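What follows is chain A paired twice: with chain B in the first complex and chain C in the second.
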Partner chain A sequence: MGYFNSLLQRKFKDVAGKRYETIARDYREFLLTEEETVVPEVLSILMPLDYFVKEIPPQLYETLSSYERAKVTLVYIVDMEVIRIVADSLDEKAIAEFRRKREAFGEDLLNRVITSLEGAGLTVTSRMFAGEKFDNILELMKGYDLIAVSKKYGTLTTEIAPLSSVTLKLAQMARVPIIVY
Partner chain B sequence: MNAELIAIAVFIITYALIIDERIHRAVAAMAGAAIILCAQIVPWEKVPEYLDLGTIFLLMGMMIIVNTARKSGLFEFIAIRTAKRAGGSPMRVLILFSLVTAVVSAFLDNVTTVLLLTPMLLYITKLMKLNPVPFLVSEIFASNVGGTATLIGDPPNIMIASAAGLTFNEFLLNMGPVVIVDMAIMLVMLSLIYGRTLKVNPAEQETIVRTIDALDERAAIKDRSLFMKSVVTILLVVFLFFIHDKLGLEPAVVALTGAAILLLWSREPPEEILEKIEWPALFFFGGLFIVVGALVETGLISQLASFVVGHVDSTEEAMFIITWFAAFASAIVDNIPLTATLIPLISEMGQTMDVYPLWWALSLGACLGGNGTAIGASANVVVIGIAEREGISITFMQFLKIGMLVLVVTVAAGLGVLLLKYGW
Partner chain C sequence: MKILTLIDGSKWSHKGTLHAVSIAKKKNADIVLLAVLDRREARTMAFNYCTQSDKCDIIGTYEQNIWRDMRRNIETELAAAWDYCTSEGCRCTTKIREGDRREEIVREVRDGGYTLVIMGAHGRSAKPALGSTLSDIAGEIETPVLIVP
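Our next item is the complex of A and B:
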């Protein structure tokens, strides 16, 4: 069968030329590989929140509810750098008022998200602290199976930059699946 | 006498080189043509007469249209849509992909069709964890059977139509019923042969459906505007083919007009599109026409035609001989040189008998004969070649067993349909 194989290869080269390589490359862009078709088991989900994440789309709750056995951890981070700037420029009373307002906003957002996630049948825990958003989340995400992060997380977005730079960097660095909503 | 010997020798050597393909078949045909022209067997002033420009320009026009449409992601879109429609059922995947391949092959080039549908078919069979061979052979047979249906479906049909002055509708009316019957027979045969092995358990089927449904066919469209323009142009060209005889236009003119419209409308750089024309294929045709022209010019074809006519008693008998000879010969030799040789023979026979039904017999044999062996048609070579690259082996004997069975049954059924119309 050696002759048949070499004849086939010659004829294939003459008939198809290099077209197949181009087509196969194009297909690879949107067809999942065998590895990618294996649905990963998700038992823990990390969901970073902050001042810029005002609304969570209901579709996200729907998507997360499909991971029935997963535990969701909400992490609200108040930016340490912002607190430092405020501390440098305002008096004690104003700083306390700023912190109180930010924490109240955070508490309110956390409560709303907890209610919605529990309503979707998920177990939820939450934390709030002041820190470095990118560094802390990058460190935290190592212990989770899935990350769900808003495209507005960390910075304001604009029409020409609809994805925050913090989210973009997190998506680039993540070693686990990440949902950007 | 010398001219005859040279013509026969060049013809046989060119054929041998085309079969073996150690030298590119375009180069073999061009070299053969060069010898014929240098030996002045075909005089220079007669070259335009033998070069079938109707075939060459029709192929060129369709190549431009298909290559432009391919850039838009149209074929990938069709492949994903078909996969979704199949709903994860192996038998539905086999039937739907075969039907889509047949329909697309009937209107566009077979090689491009299978080049773009095979990767998707392999992907689905991998998901279903099934042996891909039944799906691949079904795609090959469907491409060859589908291409038989229309004037533009397969190069032999283009050559026959150009030589005999047949219209698109005549092809559809004569070969359409043959193709419908043969497709049905072929699918029944494959389901009987492979049916029991084409099963997945319901739980796995659900996962397969979910994975396929997650594919976004819109993501396959690389250029939405070009996609729409390609679809509109292809539909317009097909419509014009239906009425080309009423408009008094040659099929080649329709194809070239469609190509010009798409180039003008899409604003795609012409250098980029025109360089994708398969020039080797066109030169292959050109060279071949001259090599076969030498047999005509020396009177060999005329002698052979007289011999055949002298030994054939009726049109039915001639149909029978031409169909089976073309079918088995096409399984071994490429059907393009075979058709190029048989066309002048049938034309010569036309001086003493009614050859109209013989054109359909030739089309049937030349197109379906390709199913017989792994190297019988370009679609076979492409699908088996892709499979080989993906680590799936289809041996010559493995293909021969199923291919010859399909060839004999489909050609016999097709001949039966033609004889019902023109014979008994």
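Our next item is the complex of A and C:
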């Protein structure tokens, strides 16, 4: 607290003088509130996964292990829009095969991530469903203290566009800390 | 574990420092507080002053003064953050780099062997800084980036 009080004193309070209270109220978005000086405890972490998330860096596990009381929820989403596109061109059998392969990939990825997270001392639950990668995660995010999302989540990335537009949008809309890996 | 915290003087970078200290205390991590100064900001401000005030005869001096103040301000900022880190029992160092923000941050991350980068979701203007900054930095490095809103 002393750190922030001294910063405010030095940078603003002395300069603002008698108008401090008024200016502090009108320009409060630039100033830390008392509540903001306390780092909220992270008890729940949402980690969206999908077909584009192939690898997870070991540094992420090390970072997440600092939230030792947190429960991690892994959510693997099979993109419904892709299934619809495939359904427009292929027969039922091919669609079922496509979906089976995507789900098998998801199971494998989930199992690998669960093993690593549990190895880092975290409690993990997981779920898999077909849905909308952005809309579903945006809705789910509201119930979590921290989000960890791959920079490849949701779309194919390229050398000139290495950050997924889905990840960027999620980061811009998050109201809680978000780790982009 | 080694954490890089980006400091620009905004309240969001102060919040980033709080998160860095919180993690460092649990993981016995080292914290590096990094500020990047871009001379072009001083040149822009000096040029705008010239065009708006009609006092272009002092543009060179004005640019020098702005640059000096930018450096002095960020040094004070880093010193305060360092005081806070060390008072919380963390190992902490400060760094100032000069040049293009994106290039200097990426260079520091690649050379520094960091486990985590922490940055604020907003810059000093309070506008969302996430668009280009996140794309430029996160896209170029392998290290996870924690963004603090």
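The rule we apply is simple: the second predicted complex is superposed on the first by the 143 of 181 C-alpha atoms of A that agree within 3 Å, B and C clash if a C-alpha of one lies under 4 Å from a C-alpha of the other, contacts with A are read in each partner's own complex, and residues count from 1 in each chain.
One rule holds in what follows: a residue touches a chain if its C-beta (ideal position, glycine included) is under 8 Å from a C-beta of that chain, and two chains touch if they have at least 3 such contacts.
Keep in mind that what you see is a predicted model, and the values were worked out from it rather than measured.
Asker: So, A:151: does it touch chain B (first), chain C (second), both, or neither?
Answerer: It touches chain C, and chain B stays clear.
Asker: Going by the contact rule set out at the top, does A:129 touch chain B (first), chain C (second), both, or neither?
Answerer: neither
Asker: Contact-wise, after the overlay, does A:31 reach chain B, chain C, both or neither (first, second, both, neither)?
Answerer: Both partners.
Asker: Mind working out whether A:23 is in touch with chain B, chain C, both or neither, as first, second, both or neither?
Answerer: So A:23 only meets chain B here.
Asker: Chain A residues in contact: does chain B have more, or chain C?
Answerer: C
Asker: Thinking of the overlay built on chain A, is A:176 touched by chain B (first), by chain C (second), by both, or by neither?
Answerer: second
Asker: One more residue to check, A:162. First (chain B), second (chain C), both or neither?
Answerer: The second partner, chain C, only.
Asker: Determine, under the contact definition given at the top, whether A:63 touches first (chain B), second (chain C), both, or neither.
Answerer: Second partner only, chain C.
Asker: Name the residues of chain A shared by its contacts with chain B and its contacts with chain C.
Answerer: 4, 7, 10, 29-32, 37, 39
Asker: List the residues on chain B that touch chain A in their complex, please.
Answerer: These residues of chain B touch chain A: 20-22, 24-26, 73, 76, 111-112, 115-116, 119-120, 123, 126-127, 207, 211, 214-216, 219-220, 222, 278, 280, 374-375, 378, 381-382, 384-386, 388-389, 395-396.
Asker: Show me the residue ranges of chain C that touch chain A in the complex, using the header's touch definition.
Answerer: Listed in rising order, the residues are 1, 10-11, 14-15, 18-19, 22-23, 26-27, 76-77, 80-81, 83-84, 87, 115-116, 121, 126, 128, 130-131, 134-135, 138-140, 142-149.
Asker: What residues on chain A touch chain B, complex-wise?
Answerer: Its residues touching chain B are 1, 4-5, 7-12, 14-17, 19-20, 23-24, 26-27, 29-32, 34, 37, 39.
Asker: In their complex, what parts of chain A are in touch with chain C?
Answerer: Within the complex, chain A contacts chain C at residues 2-4, 6-7, 10, 29-32, 36-37, 39, 57, 59-60, 62-63, 65-66, 68, 148, 151, 157, 161-163, 168, 171-172, 174-181.
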